[in-house]
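In the two complexes below, chain A is the common chain; its partner is chain B in one and chain C in the other.
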Partner chain A sequence: MWRYCLRRILQLIPIIIGVSFLIYFLMDIAPGDIVLLKMGDNNMTAEQIEALYEQYGLNQPLPVRYLKYMGRLLQGDLGISQATGEPVMDMFMARIGSTARLAIASVLVSIIISIPLGIISAVHDGTVIDNVASFGTLLGLSIPNFWLGLVLIIVFSLKLGWLPSNGDDGTIKSLILPAITIGTSLTAALGRTTRSSMLDVIHQDYLRTVRAKGASEKIVIWKHALKNAMIPILTVAGEQFAGVLGGSALTETVFAWPGTGRLLIDSINGRDVTTVTGLLILKTLIGSVIILIVDLLYAAVDPRVRARFANSGRRKKK
Partner chain B sequence: MPEKNEIKKVLEIKNLTVRFDVDGEVVRAVNNVNLSLNAGQTLGLVGETGAGKTTTALAALRLVPDPPGIIESGEIIINDKNIMDLPVQKMQKIRGDEISMIFQDPMTSLDPVQTVGDQIAESFLLHLDISRQEAVEKAKDMLETVGIPRERANEYPHQFSGGMRQRVVIAIALACNPSILIADEPTTALDVTIQAQVLELMKDLKAQYNMAMIMITHDLGIIAEVCDDVAVMYAGRIVEQGTLKDVFNHTRHPYTEGLFNSLPNINCRVEELTPIPGQMPDPTNLPKGCAFAPRCRYATEACKEKQPEEHWISDTHMVACTAYEQEGFHIERGDR
Partner chain C sequence: MNQNTVSSSESVTKKYKKRSQFAEIWRRFKQNKGAMVGLFVVFVIIFIAVFADVLFDYDTQVTAMDIANRMKEPCMEHLFGTDEMGRDIFIRVLYGSRASLSVGAMATLIGLIVGMTLGCIAGYFGGAIEDVIMRATDICGSIPHILMGIAIVSALGVSTMNLILALGFTSISSFVRITRAAVLTVRNQEYVEAGRAIGQSEAKIIFSHILPNCLSPIIVQVTLRIASAIVAASSLSFLGLGVKPPSPEWGALLSAGRTYVRTKPYMTLFPGLAIMVTVLAFNLVGDGLRDALDPKLRK
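Our next item is the complex of A and B:
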């Protein structure tokens, strides 16, 4: 199993090189740069502008800038933000806590809504109940995030005054509205995955064996069927978690959530190439690690996967 | 079958009719079947694939999948209780405790993500008021009973061979010492060498636990080896029924004759096999008269017109064939 993890981690190296190059290149061809933005309406002499370009290292050609950046990255240094002058790592660390809490809460909302709905749909396949439940999960997909966020703010913050409308004060209260906003948008994918995965399992012979033992439908579905249907559900939930953890720009903006998604948007608007590249590299890293963890969780759910992990090392040596 | 009052009846199926509604078509799987099983008796249920054997068995546990399956009519009486009227919770108490079933394919009938020990222990936990630990201990005892070392209780189904898995399935079915065991082609999916072992095990356990058993199979050899009585099914009906001797040595029904004729004869290898011509009728469109008539070489116009009635040749031997209404009718296969 350790060999497998090591291989997966090594695979990250080319991915990160590719990601960083793409971002660097795209940011360069985007119109405008940080110097033009700083300049604004101020009248500056050509010498002053030249000095600013030199200060940000932008007077050098793209390949040189990129290689310098990669050189620092190899030493684990994500560089200094051109916009704020702070280390990118520090800016990220200051915000990842909020984003992580939001990600956990959102995926929990998604799981709590979509897994029961998906199971009910599958058990009542083709009936009115199935249609209603499928409609419910589809609704979550169809409603735009920012719109739902605004409606929730109007109802629960402005009209009822129950919950705060913006910011992260570290309490569960401030987490509820943004988590519901993101969570409902995730229910469609997770709900449909749960439904189709359960449908695959629900007609299997081994469930008939369990029924023949005298088990109730509750045991048949929730103990035996769900555990067998778990791998696709885990995959989607893991991907969703990785996605939100990478920052959800829209919702974080609507709720003025001090997370990495908003930081990314601000940095792109400010043409802060170092921060944008750094944030996206971290996002890639986090996403890959979470997907690796999910892959390892398969082994916890399914003994056949466990056996494959145990064998993979041995077979190689032959 | 006439009453035998001195022997306890554990299972009685009366006028059972099951249909499946699939895409607007009605599949008539079981039509007016009567069966009864005494304590300790082994009944063989023979017939081709699709004859309604498995559906009959599932109905006895009330496990016919609904939808699409509907038990149209009939009574099923297990140990003097009519299970058709029972609420679901009461039925769950009976399943696995008074009546158990072994399924055809051991490769798919065990939950792949639970240990075999847990799967056997679940039977105990469902029906006995014992702790988890005691249940696991009893599950290990059960594994030994079916010839698997108790240390293997923590292993998963994929670590066992087909024959071993079928032993586990048998252990699950027998855990709570049911009075009736239904074995649905328990050896069909196994290698021939393993078949004999599993059959031997089932025979031993049946005697040890004093169960009544219904052995569903299309293998007449297995019937001859383990059964006391035989019922032959065709297109959802029982066409001939009697003791092993009645059906094997004094065959009466043309379909049963066809089954015997399609067996290879080791003493006469030059003789070609004589399979029954044609196919079983489409269960969505059964003929008005005898369902076997289109394939039957003795069929008359009368056979095509009306459903055959039960003819009792002796106290134990029944044949459902219209031809026996003619004086002196007999099939080619003689008594032996």
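Our next item is the complex of A and C:
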């Protein structure tokens, strides 16, 4: 088990290096660096420009700058924002709370709706109920997130006046619309996963045994079947949580949600390359780490997964 | 599908065993009503996109301002109303299918060509080259697609071409994975062995034995990818990182309408509906194709 954890964590390292280099490289070729920004309209001599490049370390080759950047990243330093003059890390930390609350709320919405929906769909496989539910999830997958957000704002904020249309005032009320917006697309994906995962389990022999010993259908489905169908469901839910934590830029923009996604969009519009680079790397890192944690968690919870690694460990020792 | 139709379709299969594979797939596809509706809608949208410039004049009907008629609510004359410059939203939405469809299709094409080639090489040759390709795929796949798209467009500059490149790049990883997985299942089949035994070249084996037998999952992936590329393209345009105004594109139309969301909600309603209907149609076709191409996979 520990060997497995260690291997998975080690596997993450090359991915982190690759991802951060890719993003750093991409942002490096982005037009308009900080020196051009500083130069602005004032006429500078070539020496002055040269000095500025040296001051920001931009005269060094890309790999050197990347290594220095990563060295500072490991110490939690992502550089200083060109737009605000604040450390990028501080800007990120100030906003991650809002994004995290939105992510938790969206995934909760998704789980609460999609697991019952998927199970009902699987139990009634091929019937009208299943067809309606399947079409519903496909519809949910097809609605552009940001548009759903706008429609919800039009209906519930502007016409009915029930819920606030933008901002995060720390209450549940301001969380409802953005969480439903993101939750809808997550529900669609998670509902489909639940359905197919349940269908895989539902015809297995052990369920017949459970029925034979006289358990009610409710117990059979919700206790015995669901337990075994849970792994893919949890994996997808974990990926979704990681995804929202990293990339709900659109919904956050639509609802003026003061999270990291909106910070990213604002930084792109303000040509704030340092912030964009830092945010992209950080978001990808957090996403990968969460997916890893979910993987490790179910390896810890599920005896079948555990047994597989215990065996492979023993074989290696021989 | 219930038990009854399954058994009847089996007897039909026996009766028409001589029919070509394509006819057989088409017969299965036709049974799926949702997929047929989706296919019809896809054809209609493609028709509109192809003939948009025959149906409407770009300079006078699509981009020309008409201040006297600005911000008109939907009526018979202007089905979807008019925008802040008096342009007919119905015409702009229809014309917008051009940008959205072509970006979706081109991006998917890039992903398909590059991804299929790399996936094929990885799956067929294996070894170190497979490791390199798959690790690179893991790296690209672990960056959230929309973030990757944002990064590429903001690095290369905002233009339709760069939008296509960005979305194409992000879809490569899924094509690599799917092609490789399919090639791996086919690679050791006996007919491949037979091809090798009679001395066929590697290229001949790959193109005439391996790829044709890997097509099903790839075709399904293409339809689903076009759907998600259309959403991604409109998302980026909505953020101002895609197709630039005044050319009509659904995401850009949405973004323009958003300014007037308080007073003129119809301006945001219709472009979004267009995206939804198009994406839903492609998804329906994709699902139908998956069931029709591989009945064993049907769950």
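As a convention for this text, the second predicted complex is superposed on the first by the 247 of 318 C-alpha atoms of A that agree within 3 Å, B and C clash if a C-alpha of one lies under 4 Å from a C-alpha of the other, contacts with A are read in each partner's own complex, and residues count from 1 in each chain.
As a convention for this text, contacts are C-beta pairs under 8 Å (C-beta built on N, C-alpha and C of every residue); 3 or more make two chains touch, one makes a residue touch a chain.
What you see is a predicted model, and the numbers here were worked out from it, not measured in a lab.
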Exercise for the section: Please work out whether A:A46 is in contact with chain B alone, chain C alone, both, or neither, and reply first, second, both or neither. Expected result: neither
Report for A:I15: first if it touches chain B alone, second if chain C alone, otherwise both or neither. second
- Touching A:L74, do we find chain B (first), chain C (second), both, or neither? neither
### Message
Quick check on the superposed pair: does A:I29 touch chain B, chain C, both, or neither? Answer first, second, both or neither.
### Response
second
Worksheet item: What is the contact status of A:L160 with respect to chain B (first) and chain C (second): first, second, both, or neither?
Response: neither
Winner on chain A touched-residue count between chain B and chain C: chain C
| message | With both complexes overlaid on chain A, does A:P303 touch chain B (first), chain C (second), both or neither? | response | first
If you stack the two complexes on chain A, which partner ends up touching A:G243: first (chain B), second (chain C), both, or neither?
second
Touch test for A:S142: chain B only (first), chain C only (second), both, or neither?
second
In the complex, chain B touches chain A at residues 61, 63, 89, 92-97, 100-101, 103, 105, 108-114, 119, 122-123, 126-127, 156, 158-159, 169, 172-173
Within their complex, chain C touches chain A through residues 1-2, 34, 135-136, 138-140, 142-144, 146-147, 150-152, 154-157, 227, 231, 234-235, 238-241, 251, 254, 258, 261-262, 265, 268-269, 271-272, 275-276, 279-280, 283-284, 287, 299
Touching chain B in the complex, chain A uses residues 204-216, 224, 227-228, 301-304, 307
The residues of chain A that touch chain C in their complex are 14-15, 18-19, 22-23, 26-27, 29-31, 126, 135, 138-139, 141-148, 150-151, 153-154, 158, 195-196, 199-200, 243, 246-247, 249-250, 253-254, 264-265, 268-269, 276, 280, 283-284, 287-288
